[in-house]
Amino acid sequence: MSQSTPTTSRRSVFSRPRAEKGFTSWITTTDHKRIGIMYFFTVLVFFTLGGAESGVIRAQLAQAEMDLVTAEIYNQVFTMHGLTMVFLVVMPFGAAFFNYLIPLQIGARDVAFPRLNAFSYWMYLFGGIFLYSSFLLGGAPNGAWTGYAPLALDGVSNMAFYAIGLQLLGVSSLSAAVNFIVTILNMRAPGLTFMRMPMFIWMSLVTNFLLLFAMPIIAVALFMLQFDTVFGAQFFNPATGGDPILWQHLFWLFGHPEVYIMILPAMGIVSEILPVFSRKPLFGYAAVAFAGAAIGFIGFGVWAHHMFTSAIGPVARSAFALSTMFIAVPTGIKIFNWVFTMWGGKLRFTTPMLFSIGFVSMFTIGGLSGVTHAVVPHNAQQHDTYYVVAHFHYVLFGGALFALIAGVYYWFPKVTGRLMSEKLGRVHFWTWLLGFNLTFGPMHMSGLLGQPRRTAVLPAELGGTVELYNLLSSLGVVVLAVSALVFLFNLIASIRAGAASGPDPWDARTIEWLSESPPKHYNFAEIPVVSHRDEFWHRKYAEDAAGQPVAVPAGGSEDHVTAEAAAHGEGDHDGHHIHMPDPSYWPLVMCLGFFPVAYGLLGPTPWLIGLGVVWVIIGFFGWIIEPVAEGDDDDPIVEDPAAPRSGVAAH
Amino acid sequence: MTAGVHETTLGLDHRKLGMWVFLGSEFLFFGAFVSAYILYLDTTAGGPGVEIFDIPFTSISSFVLLMSSLTMVLAHNAHTRRDMRRMRMWILATAGQGAVFLGGQIFEFTVFYKEGLNLTQSPFASGFFVLTGFHGLHVFVGILLLLSLYSLTLTGKVKPDQDLKTEMIGLYWHFVDIIWVIIFTVVYLIPDLLMEA
Amino acid sequence: MSTTETHDPAQAAGGHVDHHPGPREYVRIAIILAILTALEVSTYFVDFGALAIPLLVVLMGIKFVMVAGFFMHLRFDTKLYGRLLYGGLFGAIGLYAITLIVMSFDGAPRV
Amino acid sequence: MRDRTKPLPAPTLPGTRAPIRRRTRVGTILVLALGLFLASCSAPQSAMDPAGPYAQGPHDLIVPVFVIALVVFILVQGLIIFAVVKFRRRPDDDGSLPAQVHGNTRLEIFWTVIPALILAGIAVPTVQGIFSTMNEPDGEYLTVEVVGHRWWWEFYYPDFDIYTANELVIPVDTPVRLEMTAADPGRDPARGVIHSFWIPRLAGKQDVVPGQQTYLNIQASEADRYLGMCAEYCGLSHVNMRIRAESLEQGDFDAWVDNQMSPAVTPTDGLAAQGAELFGVEHNTDIGARSCAACHQVWNGDGARVPGVGPDLTHFASREEFAAGLFDVDDEEQLREWLRDPPAMKPMQPENGVGMPNLNLTEEEIDALVAYLLALE
């Protein structure tokens, strides 16, 4: 294989697919933007399922002693609601943004390992399908998303699906984490130092390090659970001296970083949007970045605050109370920095801005109720009640989801070249805010009034006040459902016929807006050279003699290409010389092999496991020996001196 | 070797950086199993405990695995010198020693089973078998990687100037070895001493 | 982090073997490792008393560092790799040590 | 500890309530937050309505924390609202950029240090509170052994050798230390799962773990009936695992103990005698799959009291409710329906070894058993 004539003339099973349009092009794609889009639409599907499950929950609890569904079904539904929203919605929603934005924001043409990236997506999709197939195969897991042993060991809990399904999703997250860490560390545009990185990149880096170190822990916990349930091991079985508390430690050693895995990307998104629509730089960039890193770091040291009522002693309770209170400090720093980013600005209330402000406001509530949990003696009253349910929905719905939706509105023009309807966007925001607070606000009260979580009916003995709050919550879900439909309609209508956005609809600050909208598959005709934080903004504005920023006339900045020139003035770069990773079947083929392995492990069914293992190994070999169209990845790429630096992405 | 390396931000190869990132996370994986093992050291439910270990036997297989790191690094060294004949020889030697180690582990497991220590016996037994079993799985994957590397050099798919591929597999192999350095001490030697004391 | 950014790429590139030891040194290191292992195993036959366990831990540490430093080339490669490896190692030791301490000394009594 | 009678008036927290009331005018959200305090007394299982020192202590700690949280909430939301109103782009905006402020070190240090100080202030009483709620009570206290089963609670008074179920009878103003574990079936921890013992008005919750012993202190200041529930998800019938604590004045409590310590009287004639025969009480062992005595103990004075797989029924009719607080003992029809098909009344998994199976009793058998059970005063 040489640089000049690719080997694509010989077609064989190992030839790489070449379709650029249609179904094949999507299932074989290694383009980070397409994978990001696939993540997003898969998330939408699972969000619909998880939302439907929450509808069942709230319908059952709308009034006391209802029996719309049996306790058996209810327990499956609330378990799957938790699993879906955590592992199949919020986490991969973040991954959708990582995929689409990280290369664009750091001035790269793709991620470090494009095929591994496709692999991560397929593992996510198949993990989700595997989990949901349990509904058809004897019932979904019903041991709650925390999977506490020994209840999870009981066959009636169907938790083998949980142990194996989450394992698949964990493989997806871990490989994605390696990929994104290498991408961010090693593929930044020239001049893009750490302290010039967009805040979303900072938060992505922290998040992926959290994933990197948290996923192996849950992998071990799940292996132990699976060995206990399927092969009769004794890790958590009290009968032979096993300790059920070990599960709780391992689960929350993963589970608390997981909380920050879900919220940090959202914080990154908000840190991008607020400056743009305030027309000011992020207030205290360094403090926000380091607070994010601190949250990630301390986030590993607070896990036992989920176990304050468990079998742990007063010393551990005290120590973890202190560390938990401590983590409120960096979180507070961030909130004040966001508020002061708006301070003195000229705020434009576009839909992404509304959702971002909503995030800061709602997340503050979740943060404050979080601090109250650290008051251990009273935590014993709040724990496992609807007060906790309210708290984590304020963090994950009012926090993470608000920001992720803000991100959808904000980067929609980047992805499609069109704008979403602002009018519908505003309707969506206000109904979303109302529905959200109506649903989860009353839960604070019903929890403090003694309503425990995970109850298949609302006991009448809790009293009329609790019933009233539950009815309000259930009404809130109706509002949320309507609001979600508005969003969905807006999304589809705007994809089809949204107004053209142009390359820079928001007067943005970061370099993803230097590329066209939607970006060409190689992202940048020429890799931008970065000399400032908020590089794109600095290319558009310069300071006058008085230090006041003024717009630079198009093409006027002496040492910079302007936005328009960068986006359109491709000159001699028409993309033909840019080598991009080729599509590949093998990530998909390899991932398919995990289906027989996973179903085989349920039984266990040895031949099915064997079939799957052989399949995976074949897929792996196909992967490593498939030809690379423009020369093997170890060969120097020299034929085009102006060729991209980042074209060296391993294939 | 790779022109591309000089063009990355840190001047590092993506794949090697990726391998190190992954290896860093593996400590969290094995660490959890080791912790469970330590926690359940005395939890034998009336079955056999650490006294069942045959330290001399395990020492020999540990030594074989340790020495496979030497042949691995020699294979890499030969590859960097473009000496593919030696490189293949050392690769085979490494895989062979890995196989000897695995064989020893299978033998050990069989003996333990016969003496009444099996996975379902006690938390101690589960901790021991699953920890060393997952290590064995890592060795097995390493052997597969070595054998495919070997065959790919034969077919010319891995070329003399691609010593990075050997280095990557070497990193993985050495990592599996240093994990065993820890396991050998923490799982076998120290508990054995504690039991005598 | 800034050190990893400013260092000379040529020094870090995986293919630059000029700084790496040759086969002779590798064999020498392996011999030392073998001796250390023999010393470890000797605790099984010889009674070192209270010193035995600290000795084993130190020997384990030396072996670990030697394999990582020489065979995995950490001594000759960019510091970032070492930080990733030891970051993972000490992170794991810290987290699991706390877990074991909490479970062993501040847990509930068995019935 | 303060004296309170039920129903309770508005909470009596003099120092803290006045400032809250003043802030109600700030906005509807605050009204909602205030409602949290006001409404908290109107529910029978409220965690904000302490009735004993082990609930009062945590309550006295959390109320100031709620107030601090409310102040921070008002501050932050106020800042947001102020910024949104004040700094919105005006219609007559000239398009110029606002001052490009990148940060302010002094401000940033300020909002790092102040929250840290506030949290340090909360941390001290928190740690004190942890130890004071978990330590053994000072002075004399009553010990009760608690076993969490799927899905009912077993109580054993070692001082009196009394077994009872779901209704925990305690003397007023006496600390009670619960020694808790979980097991299924019987007292075999093999298949026990984690539960959590929670009577909000008496104390916070504490998990109940199979194979381990955990402790919880409770104390009631009033003779009253307190509601509680299992608070850790424990499978199918988690919601149907209620707890009742009945606090009695010391004299009433002593009388109750005397009654419970006495053996059950086996009726000698009539329907109740047939019921006793069906129950299998005289044999007190398994005399066939449909014998009640295979699972339920009715101690008639022979031999030692031993816990059964199911709730102890020695003085069944002295309780107010059965099936873990779901049904009234007084309601004969509910008892009948229960005997007809227990899993239909309360989801259970007898095929999985937990819960009461349907014994396919005839109507005559049910009549006899009901008569017998209601005779077990």
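Per-chain numbering from 1; labels A, B, C and D assigned in written order.
Going forward, a residue touches a chain if its C-beta (ideal position, glycine included) is under 8 Å from a C-beta of that chain, and two chains touch if they have at least 3 such contacts.
Please read all numbers here as calculations on a predicted model, not as lab measurements.
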For chain C, the least number of touch steps when starting out from chain A: 1
Chain pair showing more contacts of the two, B-C and A-D: A-D
Computed distance of Cα centres, chain C from chain B, in Å: 14
Averaged-CA centre spacing for the pair chain D and chain A, given as whole angstrom: 37
Chain B and chain D, separation of their C-alpha mean positions in angstrom: 51
Whole-Å gap separating chain A and chain B, where each centre is the average of the chain's CA atoms: 33
Chain A residues counted as touching two or more neighbouring chains: 185, 213, 217, 237, 241-243, 245-246, 250, 253, 311, 313-314
Residues of chain D engaged with two or more neighbouring chains: 189, 209, 211-212, 214
Sequence positions of chain B contacting 2 or more other chains: 1-2, 5, 9-10, 12, 17, 21, 24-26, 28, 32, 39, 164
Pairwise touch network: line, ring, star, complete, or other: other
Pairwise chain contacts, counting only pairs that touch as defined: A-B, A-C, A-D, B-C, C-D
Complex contacts: residues of chain A adjacent to chain B: 112-113, 174, 177-179, 181-182, 185-188, 192, 212-217, 219-221, 223-224, 227-228, 231-235, 237, 240-243, 246, 250, 253, 617, 621, 624-625, 632-634, 636-638, 645-650
Chain D partner contacts - residues on chain A that touch it in the complex: 70-72, 75, 142-144, 148, 150-151, 154-157, 237-239, 241-245, 278-281, 283-287, 309-311, 313-314, 317-318, 321-322, 325-326, 328-329, 332-333, 335-337, 339-340, 342-349, 357, 360-361, 364-365, 368-369, 371-372, 374-385, 441, 444-445, 448-457, 459, 461-466, 541, 548-550
Chain C to chain D touching residues, read off their complex: 107-111
Partner chain C, residues of chain D touching it in the complex: 181, 189, 209, 211-214
For the chain C and chain A complex, residues of the former touching the latter: 1-2, 5, 80, 88, 91, 95, 98-99, 102-103, 105-108, 110
